[in-house]
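By written order: A, B, C and D. Residues from 1 in each chain.
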Amino acid sequence: MSLARSAPDVVRSAYAQLAVTDLPKSRWFWVDLLGFHVQYEDATSLYLRGTDELTHHSLVLRQGPLAALEHLAYRVRTPLDVDRAEKFFTELGLPVCRVPAGQGTRGVGDAVRVVDPLGFPVEFFHEIDRAERLIQRYDLHRGAQVARLDHFNICTADIPAAYAHYTSLGFGCSETIEGDEHELYAAWMYRKQTVHDVAFTGGAGPRLHHLGLATHESHQVLRTADILGALHEERYIERGPGRHGVSNAFYLYLRDPDGHRVEIYTSDYYTGDPDHETYRWNVHDDRRRDFWGNAVIESWYKEATPVLDLDGRQQPTIDANLDESAVHVGADGLG
Amino acid sequence: MSLARSAPDVVRSAYAQLAVTDLPKSRWFWVDLLGFHVQYEDATSLYLRGTDELTHHSLVLRQGPLAALEHLAYRVRTPLDVDRAEKFFTELGLPVCRVPAGQGTRGVGDAVRVVDPLGFPVEFFHEIDRAERLIQRYDLHRGAQVARLDHFNICTADIPAAYAHYTSLGFGCSETIEGDEHELYAAWMYRKQTVHDVAFTGGAGPRLHHLGLATHESHQVLRTADILGALHEERYIERGPGRHGVSNAFYLYLRDPDGHRVEIYTSDYYTGDPDHETYRWNVHDDRRRDFWGNAVIESWYKEATPVLDLDGRQQPTIDANLDESAVHVGADGLG
Amino acid sequence: MSLARSAPDVVRSAYAQLAVTDLPKSRWFWVDLLGFHVQYEDATSLYLRGTDELTHHSLVLRQGPLAALEHLAYRVRTPLDVDRAEKFFTELGLPVCRVPAGQGTRGVGDAVRVVDPLGFPVEFFHEIDRAERLIQRYDLHRGAQVARLDHFNICTADIPAAYAHYTSLGFGCSETIEGDEHELYAAWMYRKQTVHDVAFTGGAGPRLHHLGLATHESHQVLRTADILGALHEERYIERGPGRHGVSNAFYLYLRDPDGHRVEIYTSDYYTGDPDHETYRWNVHDDRRRDFWGNAVIESWYKEATPVLDLDGRQQPTIDANLDESAVHVGADGLG
Amino acid sequence: MSLARSAPDVVRSAYAQLAVTDLPKSRWFWVDLLGFHVQYEDATSLYLRGTDELTHHSLVLRQGPLAALEHLAYRVRTPLDVDRAEKFFTELGLPVCRVPAGQGTRGVGDAVRVVDPLGFPVEFFHEIDRAERLIQRYDLHRGAQVARLDHFNICTADIPAAYAHYTSLGFGCSETIEGDEHELYAAWMYRKQTVHDVAFTGGAGPRLHHLGLATHESHQVLRTADILGALHEERYIERGPGRHGVSNAFYLYLRDPDGHRVEIYTSDYYTGDPDHETYRWNVHDDRRRDFWGNAVIESWYKEATPVLDLDGRQQPTIDANLDESAVHVGADGLG
């Protein structure tokens, strides 16, 4: 993989930091229901990780006035790659902010935060505290038994620009949704050897579409929905369960108490070979979004989480030109 | 259990006989996809059973000019109960026809066929040929790996009348859907020790809503949908997968090449205790039809299979007064 | 099914009452690990039921000086069948004791307790308190997520006598293990429509071999073992997981803190047809005890729980003539 | 990851080439039972791949006079890495053989074959033909539904030497089994982001212990065993199913018709972080080999496949000093 000279060597999508408006309610959702392990908590924040994760957190929830994405974070291979990230985004003329260890997110070392070309607040870091191994602590696994953060899915008005930006960061592309003239409706891009670390959904952006969380088997996805039904809280279920055409994963979409969307996701495939080819779905194939042809829910296409800038103010959004949800195919689309 | 004096002692829902318009296509659907075992076949008929079934068939498909239900069949406890059935329906003044062994459905002994008070063609029989045990022939299990027929679901315009008729035949009632004044929207009734042998869906009737087929585990239900997606035949999937509120079963609804509806169904509960109580769902609980609150598909409420009379002519239907699909609850209902 | 005139109409195996020597440790095992719901508890007893059970309990644990079976209990169809049971065992010249409601086991109405011809303390009752429906309370399902008591397995020195006794009580026989001359090594007998309510293992008796508890799917069986490994309490696992040849169920055998054996059991088949045939395994088929040919553990054949008489004294045991564990077949047997 | 200067950049364990003595019997085992897809076959060879594999093969079976390992093969990142491999092993003074495209294994480009310091025949290649994507061809998935080759497990007399060699090739170490003085009994090493591409079992070597094949979920592992039981071919099952302590995978060990061992393996964890730490098991923890404490089968420790040299002659073996199977722990060990 040949990277542009100054691009940082990204290892994987590492964590997301979300502002939530009612922390105890969020704790119920993410800890009790989804089964995240609480690595640290205080009156205004929660640091969470899945059962397979060996670093300090993959999700930070902070009490705030507005439900929003504070930042996405990627882990890079070496401390030097943090410097590379700083230089890379500075040269692009974008807002960049160095965050020394101890001044940023708990557990994370020296970091740099930027607003990327798509308008997203993104952190790059190398150092992060280790955490006790819980992989085999089955006695502690609860609810959805979430194993690890798998990916970010972001809304952006300009999918080709998103694709170009992440390509410049050295990401490979596993799958796309394309029109008849190969106009790009969506793309799935990876650094680690799975289908994606980040994917792009067309729509007003920058907004966070969802966080993807991996479980080991499909019965854990079903159990998540069953618990919500049991509690008569089935309104937290937005879409699914179903099988994605793209990625082949079995999915369930939930909305947390603030409306942040989360995907419980299981079973994609290996992408680590150097010549791994992009698999291209035509936007008229109604299996692309649901392999079984079930219709997509309108809110799933239309709603998303606002994002903040480096000073904590809400970023304005730009509308998209190309609207996948307007493509009417079988049961799918909202045309 | 106190039965009306002349009621036959019904053991269970035993088989359905369907007319199909393209037998080879039906064979693909029921045998290759669902995994039914072919017990007998000739140019115009297929006799099928699930992997756990020890009698000759639980489904008969016959080539015919019109896709329709020829009859439902219940097994009764003794040969004498066939006589009881004859007397029971004769006394009700309904069409009754004795079918000696060898003149009716292959594999079935002496039987009686009636048009029941709801307008359905129904057979009662005791004797049926045994078949080789395939329960542990995992090497032969294919596709959905259907284990056995579980139940019939029928559309009728008058749910209380259906309830009264099956009560008079000694059926227990496991669950209902009821309005605020206990008006009956739907009921699930059983003789064997599961949630049902027969259930009633409100709507124009007599029509067959679906056949319910049991599998052992939920992954077999998911695989059925996956195979259809793989073949780009996802249009055969009508609804689901999902968890029913009523019955607690995990379900997937398919339509066969003629539009006959089939439910792949797994995991309900034991109902064999003598004082087993009816569990009553309010029609405004959006979990009754899908425990996860997913909307019901319109065709699922509206479409069904016509039924024939004892002479093979299509029965006319009567419209329902009470329409569950008009009750708008959350995502559910079609109001 | 023709019953001897005075035989009570047994509905199903209903509950077991065990003496345990350390109630808090037993509570950890049966409640925290296996997921039984506590219906009632006090300083010296625990009344437990599975998630699908609608009656007061299926297991009673009582603090006692000796780990033992106090009694097995069968539910009968009507109050009259309690009288029939009293008469049936009295006529056999066996110890019989009437236990009026309120004087016996909590939640159970009028009952009769007997020592049966095999030396087992057995209760027959009809009335039992109802309990809140937890079938769909997925939020409360824990550990093994045990759904219901499925069966008793008892050790007896004389299998043909056990078979004859339960036949006289109207039980059907689903499966047997037999020698080349049809000498009976083991049998599985039922009243409800599953493979068994009671089974017999050859060996010194009367002793309780195990209680069989049903779960819905195989992943719940695996999770039970995983939790024990996680706690480094894997010594509670005695045998399995595996697939039984007999019954076709997926199994895991545990020993509770007192050594009482419990089987986590999933997925057998329907036996409710009036002419259901016995399936006969030859003792030389090494798949009979484990369908995958894995060897049986010696303790599984040799160890079992002592039983008490109606006065709470330990019953003496008689050794068996025929020893299945001495039949050496492939990996199986202990010859 | 800092590599020794001349080490090739290995991507992953890529394929194994085995000599088998009865190709039709092997075809039944690997294709019909395990579900490998046949990419190419002729009278004396079979080229196979799993459902998720996008390259020409991950297993080659060739008819031969002796059941043996012909070679293991690793894919390297670039064509230049093939040259690096040649130089690396030449500098070590080991047998090295360049195999131009078209002269070696079908589908594979320019390659180099070596005998490594442990005595194993190993191929390094970069180019390999692509193959049609079958990931979502659920209609073609059969038997065990094997998704992909996961790892090689090799027997060697000198575990520290094996560890040192693979470390020099840039492999990370996910887990070990160690004695009280940290003497190394076994190690699991990786290049791709899973628990391993290669592992070492102490014993006479060089021999191939097993090939590890990944499936997506545990029910597919159980189905494999069920099919063997159904065919009364349960003798092909050697050990399991069980949960490994090491790797946390759910496993089943089979022996093919020639005795080549194969592991059906599902669900380990991500190891791609740059500072991923080795997890060390003490040899006295009886959960290391089976997390549930089930005993290891003697043949599993003792038997393995002989390996050939570059001229196709059987390599002699050297006995091990340290014998893990002699460590008696609980049910484990064979002491």
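Just so it is clear, a residue touches a chain if its C-beta (ideal position, glycine included) is under 8 Å from a C-beta of that chain, and two chains touch if they have at least 3 such contacts.
Since we're looking at a predicted model, the values are computed, not measured.
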Between A-D and B-D, the pair joined by more C-beta contacts: A-D
So the chain most remote from subunit D by C-alpha centre is B
Whole-Å separation of chain centres (CA-atom averages), subunit A against subunit B: 44
Approximate Å spacing (C-alpha centroids) for the pair subunit B, subunit D: 49
Between subunit A and subunit D, what's the gap in Å when you average each chain's C-alpha atoms? 34
List, in ascending order, every residue of subunit C touching at least 2 other chains. 136, 217-219, 226, 229, 245, 291
Can you tell me which positions in subunit D touch subunit C when the two form their complex? 218-219, 222, 225-226, 228-229, 232, 234-235, 237, 241, 243, 245, 250, 286-287, 291-294, 330
Which bits of subunit A are touching subunit C when the two form their complex? 136-140, 217, 219, 223, 226-227, 229-231
Touching residues on subunit D, where the partner in the complex is subunit A: 11-12, 52, 54-55, 75, 77-78, 130, 133, 135-136, 147-148, 192-193, 216-218, 245, 248, 267, 269-270, 272-277, 279, 291
